[in-house]
Amino acid sequence: MSPISTVRAIELSGIDKSFGNVHAVRGVELAIEKGAITGIVGENGAGKSTLMSILYGLYRPDAGEIRVDGRRVEMEGPHEAIARGIGMVHQHFMLVDTFTVLENVVLGAEGGPLLAGGLAAARVELARLGREFGLAVDPDARVADLSVGEQQRVEILKVLYRGARILILDEPSAVLTPQETDQLFRILGALKERGVTIILITHKLREILAVTDQVCVMRQGRIVAERRTAETTAEELAELMVGRKVRLDLAKAPPQRGPVLLSAEHLGLVDRRGTRRLDDINLALRGGEIVGVAGVSGNGQTELLQVLSGIRAPTGGRLVVCGREIDAARPADPGEMRDLGLAHVPEDRLRQGLVAAFRAAESSILGYQKDPPFCRHYLIDGPAVTAHCAQLMERFDVRPREPALRSSGFSGGNQQKLVLAREMAQQPSVLLVGQPTRGVDIGAIEFIHRELVKRRDAGCAILVVSVELEEILSLSDRIVVMFGGRIVGDLPAANADERTLGLMMAGEHA
Amino acid sequence: MSIDDVASLILLTLAATLRVATPLVLAAMGGLFSEKSGIIDVGLEGKMLMAAFFAAATAAVTDSAWLGLLAGIVAAEALALLHGFACITWRGNQVVSGVAINILAAGLTVVLGTAWFNRGGQTPALEGAGRLRPLFLPGAGDNILVYVALLSVPLTWWIIERTRFGLRLRAVGEMPLAVDTAGISVPWLRYRAVLLCGLFSGLAGAYLSIAENAEFSRDMTAGQGFIALAAIIFGKWRPFPAFGACLLFGLLDEVAIRLQGVRVPGVGEVPVQLIQALPYLLTVFLLAGLIGRAVAPKAAGVAYEKER
Amino acid sequence: MRLVRRALPRWAEVAVLPLVNVALAFVIVGVIVAVIGVDPLHALRLLVAGALGSSEAIGYTLYYTTNFIFTGLAVAVALHAGLFNIGGEGQAYIGGLGCGLAILALDHLLPAWATIPLAILAAALFGAAWAAVPAWLQAWRGSHIVITTIMFNFLAAALMVYLMVNVLIAPGSMTPQSRSFTSAGKLPQVHEVLAAMGIQVTPSALNLSILLAVACCAGVWVFLWHTPWGYALRTMGHNPDAAVYAGTDLRHMTMLAMCLSGGLAGFVGVNELMGVHQRIVLDFPAGYGFAGIAVALMGRSHPLGIVLAALLFGALQQGGAELAFDIPSITREMVVVIQGLVILFCGALANLPRPWLQSLFALLSSPRVRGEVPAQRAEGS
């Protein structure tokens, strides 16, 4: 089967898993070498996380066999995996925010019905692990007060505290700066030296090449290739991931800049608890340009979109959108912003951009339900709404083309296209786009990027927030970098590269 | 009024407050376990009512307060299991399930009571061994459940803060996924919490019918389950502050009883309906005025769902 | 391999599932009736005869149905906004107060055609106002609406007792009730209207409120599914973040939803006081507010479903009363038990029969029904 493994920590054979109509994992055969770092790469939705969740006992496979250290295991649940020495660091942290680090670490491994003894023992063990692997975290700090990088360390400590010999990391760098990622990889190196088997799930090729010993490529639920890392290249892996040659850069003409359509001056936002979320934001957006906002998630990008789109009122400074002045005393709600000619594709389409339970046609007028032609004489015109939705679907190639289908019945990419289509159909002069291609397959990514550039060339001012540096770099004409609620860098895209941006994203001015 | 008189009045009021607060405290501690685990329990009221009925009915038939107490607990546990079955196993809406339990209990107690005793929903008056008697202070109503209620507060605190079960309980109410991925069964944890809630609300209900009163009468809980719920919220989901809130409600009730028919200078006689409405009014005011938002267990009210 | 379970077809989701849920609730009711020592089938026969056996019985059934439509719609409108209004009882009570006060003030001054619409309006306004306070507390102060609406039920009851005993009681009356309304404050009975048209039916409590109920159904349907405000209200119920994104002020929408809900509940007062009692009395809401939860859940919060569910509950109410008269060991509270069970099975346990139904549908829709499917199941288990 696999030509490269010597001693196998884990063998998966014939693993199959479906969710409803989605066949997520199809007959996977995989062997993980003991004491090595194995990378699993693939696009969003390729089945990497599902496969690892099966290995960790979170999902039960429909078919197939799992062997750990050569012995067949029925993974009844995570407790089974933990008992076999498997630990997993999830993409979304499994930490209780209100607990201290210590409490989080002992949860599930308390060492007895009373807490006192277990906590004391854990404190000692935590200090030891911290020294040995460079994973120091204050055991009494509340998790909610820790930075994302520190929280990830707590996750790793949790796994090590349980004596895991096999460590699975699911997209660990998604929330880290490039520099923090490098630090994580040093820790992984230290773990490997002590004999820990590591499985690294990622869609970033740079990381695979930097840290793994072998790599498996997944596509559409299947393992399509296994390679020694030393014997492969980024181009080969990219091609394997997508199944065809990929063009990583986007062809676009130089921007024809028009007048300033949106400008922020000393914009600030302080939340209800008194925490400063946005601090002295100065930004001018011109027609005909795409400005990319780069940054590690959680550094104010979400709040920036909220304030610019009218969802939250600024608490300080001034915003001018298409001539209308907005400040704390004169806020504008999202409805008024739309009337001004501002459209907004939110970061999380399922949470904000559409209503899962609504028919696609209903979702296709979200935010415009009071406007003609959808609403006449205070009544919503059903046929007009359906026709509008059908038109959007045609233009943006949304499949299936069924306006009567529930919004939740579409794939992520098609939902995103529907939201984009709705917002672009209004011919906005300012378009805010959050995470334009999150969870979208590669074909749709290219389409969405081309559409954004088309609108730019039509004179629209576009602001794109994305955590994918590659996307920011290929799409933007100008890039601003956010850190800690501030704009810490503002440069033409031509002068930017991953390293400079990475340093800015970590708060170190380049 | 002499100092002695004042002292004895205060003592009497305190004792009476405790007596009135006992079912609130028991129900609040029960509700605390449930809510901490992420299961909202609007059905405290119904569980208390059902327990009150079965306790009184059993005590009347067997002439044993202890069997009555047991029957009350069993009845409340049955409804607690139903709540768990609906909310944990079938991931139903927790508030809807709670409301269903309240209405079911309101109807069933009268239906069964009429069929069994033929007294328009009431149970026969309890005498002698059918009632829980005061333990040390005759006339003060200090039956065993009052002491159980007093002990339940530190016990609840200790379980929640100092034991493995308590740690997991707190975790499952905040982030069930973290508990699941730590290899702990979310449903089993929540079922245990719901059963603890049943135990305490059973005690609370039994107290009403076989200790404080000597019979069951229809709708005798009169919103106390909801007031206990309000005490939990007011106490920000912590045992001792919730206990304090229960005492406050109890004191108010007691003062209200004493105000009845009394002319207050400058106001005149306070309408009896206003006095009766005071606990509900106070609940509304306290909930509106003094609660920070983000203190409830984060996962409360949300069914834990995972695809398998 | 397991038999693949797919989502139910829409018609089954809308029609079959609720019916199975209601059937489950009634199986339990049957068990309870049997435990009391009554033959459930015998009880059922008496109940059906009591509810539908004569034109008078049908009249009463429809009169009860009217109340259930009002409270069912009230709960449904709030549910569509994601709010759980269990204060229908109090809102109905205060709505009735408003209706009664309007009539007491106007029935000597204005003719019926002017008094009646104003009284109906007053019922809606008072009911809405009583719902507006918990709504405001939820929207601006973060109070839990379930608890506040419950507290407002108790407060409404206390307020009404105070007013009836001390303020509104008719001079010389021994019971706490107001003076009788004059004929200007009387809603025509259906049997009178029919008699005027030459059709003779046995008199019952059924009055023209039922037309108001039908109008409310149509109004709620148009509002929820065909106006931008209804659209925004449903958006809030499904996904508050999306509603904010769409420009809806959640606090205002909470107020709107609860006021509509309270106003609808207030119409119970129209049916009861202006239609039947002809004066303000105590305790007329009699559990209709709580029953509205069962009606709304069973009717899946859709006006058409609510009408059907309200008819069922109306028949139960009327038939149950006859049943309690015929069999002394059964009380009218049996209807309350049924309401509780319907809320349980149509609400909290709504998904209980789903896997079973899905298997059934998979079995029926399989092209190779015989032979292969059972073999597959055996292998899976």
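Labels for the chains are A, B and C, by order of writing; each one numbers its residues from 1.
Simple rule for what comes next: a contact is a pair of C-beta atoms (placed from the backbone, for glycine too) under 8 Å apart; a residue touches a chain by one contact, two chains touch by 3 or more.
Just so we're clear, the structure is a prediction, and the values are computed from it rather than from any experiment.
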Q | Minimum number of chain-to-chain contact steps, subunit A to subunit B | A | 1
(Q) For the interfaces B-C and A-C, which has the higher count of C-beta pairs in contact? (A) B-C
Q | Centre distance in Å when subunit A and subunit C are each reduced to the mean of their C-alpha atoms | A | 45
Q. From the C-alpha centre of subunit B to that of subunit C, how far is it in Å?
A. 29
Q: Please name which positions on subunit A make contact with subunit C in the complex.
A: 20-21, 62-63, 309-311, 333-338, 344, 346, 348, 351-358, 362, 365-367, 369-370, 375, 378-380, 382
**Q.** subunit B to subunit C touching residues, read off their complex
**A.** 42, 82, 85-87, 90-97, 99-108, 110-112, 114-115, 118, 121, 222-223, 226, 229-230, 233, 271, 273-274, 276-277, 280-281, 283-284, 287-289, 291, 293
(Q) Can you tell me which positions in subunit A touch subunit B when the two form their complex? (A) 19, 56, 58-60, 77-83, 88, 90, 94-99, 103-104, 106-110, 112-116, 118, 158
Q | Residue ranges of subunit B touching subunit A (in the complex, touch as defined) | A | 162-168, 170-171, 174-175, 177-185, 298, 306-308
Q.
Which stretch or stretches of subunit C touch subunit B in the complex?
A. 32, 36-37, 84, 86, 137, 141-144, 146-148, 150-152, 154-155, 158-159, 161-162, 165-166, 290, 293-294, 297, 328-331, 333-341, 343-344, 347-352
